[in-house]
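First chain A sits with chain B, and in the next complex the same chain sits with chain C.
== the complex of A and B ==
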């Protein structure tokens, strides 16, 4: 009673002094109010965890000793990483996987798209079939390829021996280089369709006349592709590249299943290393520091491809 | 420069024939226009000459050489497309020099020839722009520039002006005519616009449903249409055409209206024959407002009520009803006419046409 009376009194006093609208003064403005739920959700699921993980990368935080998160050690985790050979090998291997896989997928995807585009009948069903590998969970792809590359019972060795190409059991998932190739194969098999679909979309959106003009202008089929078709397709290829570079930079599942980074860390890539450091060794602070460096890699590749994309689009976009 | 000859040229898509064995001889340095309504096979014919469509039958010779199985690049032709078909990622200069670059010509020669073509087409200020930065008319000029730098034996134009607005089209038409006078090579020009065909071509080929209806000079196809279709297709507004029966010295129309049988047909048609009578709006005019001087004309006068007028400034199109149909007449030195007003119409029968009602062939010959 007394409180309410005070409020009323205050409002009246203010109203008298500073004209109308005093009750609104301590309310949030409508735009802020309406945006607030979005901000709260974003903060809860993105900003806070991000800041927390960034902070923890400056601590010796171990999951087994929760109170270690309060020990601030500055850049010591990062300093350690920069001299950590194992980390840089995993980093390098990830970049290598990314480069080789992207290039292979690009070439194969382009080939697939060109072939499918040529098909006069059953193009829709071909497009659907082409997308099959994308419909499988990467974990299942990992299991499937792990089986296929198994040195004893695997399909690949079986086939090679049956064809008489070798009489040994090739240690696909044991030898470092071979295991890398096996992982690469699984990666390429599962995701070439991304390139194929984007490039096919480009082919289908592309006007016919410039190609015909090029033929009349004296181009061989190769020259027509090189000078006319390819510049049209570049923006599409770069979109696929951006998506796939992010994909591979965070590659984890296929490798985890097929080799788990092993044997003896011969196929360790960034995220298998980070997951091992964070969960198996329980060194979450260090793992988070690694993750932040790994994210830099993704950002660099994304920026690179986006710049290429913008350049390629500026050249052809205005026409469509 | 070269001649182009088509011999029994056939194009089929699956089982559906779209070009039915056409024959055509194009002389060296001639400007030929292929006209006809959409779907008549004119573009397909042009694309077969270019090598962009396979030939289902017959043969094509350019400069006497059989080119049936040669790819476009070996035919020494250039083509201007309706949609311009410029390479969007290249500048104007690169677009124009592209064919020379592909042919492996030295940079200096490419630059010189591009500069020359740019001068001819007034494109010098635009050489470093991209197609997206050009207007429709400019793009069209670049497309023509790309065609002329190669110095081809034959130029092929596929409805090059259809995407331009009316004013620009008239302007570009004149440019094309000047260009032909300058480069002086064989041109095959496809259009659905009869005005373009009439103004540009040395000879016009009128096509319909995959057949050639008539080949002739603009004067020929206008004055002496070989078929009813040509008569109706060429000329704007179109020729008045109406079925009639010949009865001793008269043409009897449905509904009983009659006209005297034009003198030039007296010994060419027998009584009882079903014909189509044709008279251009120019030869049907309110008395005293026509083109032809009285002495050569064979004028028949009929008084009719005006149903509608379309004043165009220097002339007025007058619509009247005759024998159950609307007829268009052209009034020069126009005076004001109101709908419903009676007017004396002169039918200049010396300019009339008769076609066989069944075959549509002209009975003039």
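== the complex of A and C ==
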């Protein structure tokens, strides 16, 4: 491509006037020009504000006292965080929620993809239904499950009582552990589709021969799946993981709506804690310090899956 | 003979479990949405009823009528919210697509130094949690005086969507063979013409689906919008949903009705996009 391009361009300059030739020397290389808008937007909206928030995390900045941004207090906000038990509980809960949710979503997504792939009829419509939860705004998912898990009028309690499984209303969103389960359910419901779609795409793109060869060689269905199908599907699962980890903080919307970290901070996660510290308590400096920990957490999750993705990709490239 | 029969029974059992599981999975996926639609159509008395009323006895569109009749009659300014959502989502999508097309083309067709690090850097900007980004953005926007404006949210959403559109469009451009554009250039097209007349039409379905994806993200976004909007002049639908909650009570029926209004555009668009979306993401990521 490049060679062809330069050939055409030099031919043009040779035939054309000299002024274009001098102009060309001034022109920026094409990739720089093409990437410039993206750089500018991301710098203006993400990088510069983040640098600002990095700076303000070293100040006792409060929204109510604007001049406090000029007081430099070093790492005191971070020191405060690292000794703050409440923060670590929220941090641990966030990691727990993400780990459990992502693993559950992967397993359920795999199951769903296998079920849909095995279906002989109506695959198109099944696939469409499968994608259904992806269209829901996380806020909507939050409200929907808040409604369903409502102890008084919720679908879940009504169903359980109608079936005679329990005679009293289960306080789903009031008890800490139950609320965690409710949030997890909402999260898994909304995002399993991402995994299912990618794993299904992998299943459909997979060549038939290796599976048949394995069967001829006397593998059990489980062995065929474990050693032939699954390694092939891995990259697809990791793409889904990477995409999920890119906007993993969407869980904020769900938790914010369902419990808002309550009752009594028993479902507080990192992101709701940041919002509360920053906006309700107006302690921006401290909230920004927390935000940096949250950003690092997201980057770690993403980097982890990017690495796995690269590894799985190399493996597939080598084997097939 | 006996073994054949056993085999047949086993097969039948397998098929039955498969169908049952499939049905159960689909029911779990559909039920919450169905419940929302049903609840928006039934009188409030039925929602609160004990013992519960499963199938609505009467269908009423009161919730929708109340919602659209505006403030004061138990409604919320849903038309304004809808308008804001539409303006913000469409504009930010168009801009993000233009920026993403330039960037995606650069990644798909050019070689340059630090290519993969730049790509990774772009993706990493996407990992910043919305709520963490909203703190400094709130401060900067307040200084610039663009809080509670369409412009502020559009800018934020463009930045949110650019990494993703670049990823998707990069994948689609890579599926278009290089030879085609080269042939066009040999035939006398400039690079610019070759792009618009050869490569762009071929990648168009993919670009359209990247656009729909970006639209959905802006349409559904909440963490940033909840902090950067204040009034009906820029509040979007996801934020407007909160209008139905008071201190201790929630108007479930009204909320369900608004949810239905919110989901219909998203639903329609996703149906259109579904096929291309997956192929774009996978081709970009697997084939390297």
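Keep in mind that, in the parts below, the second predicted complex is superposed on the first by the 269 of 320 C-alpha atoms of A that agree within 3 Å, B and C clash if a C-alpha of one lies under 4 Å from a C-alpha of the other, contacts with A are read in each partner's own complex, and residues count from 1 in each chain.
As a working rule, contacts are C-beta pairs under 8 Å (C-beta built on N, C-alpha and C of every residue); 3 or more make two chains touch, one makes a residue touch a chain.
What you see is a predicted model; the values in this text were computed from it and never measured.
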Just from the overlay, do chain B and chain C fit on chain A, or is there a clash? fit
Check whether A:223 is in contact with chain B, with chain C, with both or with neither, and answer first, second, both or neither. first
Is A:215 in contact with chain B, with chain C, with both, or with neither (first, second, both, neither)? first
Between chain B and chain C, whom does A:241 touch in the aligned arrangement: first, second, both, or neither? neither
Is chain A touched at more residues by chain B or by chain C? C
Given the touch rule stated above, what does A:135 touch, chain B (first), chain C (second), both, or neither? second
Based on the superposed arrangement, let me know which partner A:298 touches: chain B (first), chain C (second), both, or neither? second
Report for A:231: first if it touches chain B alone, second if chain C alone, otherwise both or neither. first
Just to be sure I read the superposition right, which of the two partners does A:143 touch: chain B = first, chain C = second, or both, or neither? second
For A:45, select first, second, both or neither according to whether it touches chain B, chain C, the two together, or no partner. second
After the two structures are laid over each other on chain A, how near do the C-alpha atoms of chain B and chain C get, in Å? 7
Which parts of chain A are touched by chain B and by chain C alike? 316-317
Where on chain A is chain C touching in the complex? 1-2, 4-5, 8, 29-32, 34-35, 37-38, 41-42, 44-50, 52-53, 56, 63, 111-112, 115-116, 118-119, 126-140, 143-148, 152-153, 155, 158, 161-162, 189, 193, 197-198, 201-202, 205, 235-236, 239, 242-243, 245-250, 252-253, 256, 271, 274-275, 278-279, 284, 287-288, 291-292, 294-295, 298-299, 301-302, 306, 309, 313, 316-317
The residues of chain C that touch chain A in their complex are 18, 21-22, 25-26, 28-33, 35-36, 39, 47-48, 51-52, 98-100, 102-103, 105-106, 109-112, 118, 120, 122-133, 135-137, 139-140, 155-156, 158-159, 162-164, 166, 178, 181-182, 185-186, 191, 216, 219-223, 227, 238, 241, 250, 252, 255-256, 259, 262-263, 266-267, 269-271, 274, 278-279, 281-282, 285-286, 288
What residues on chain B touch chain A, complex-wise? 50-52, 71-73, 77-79, 81-89, 98-99, 102-103, 130-133, 146, 150, 156
Per the contact definition, I'd like the list of chain A residues that touch chain B in the complex. 207, 209-210, 212-220, 223, 227-228, 231-232, 315-319
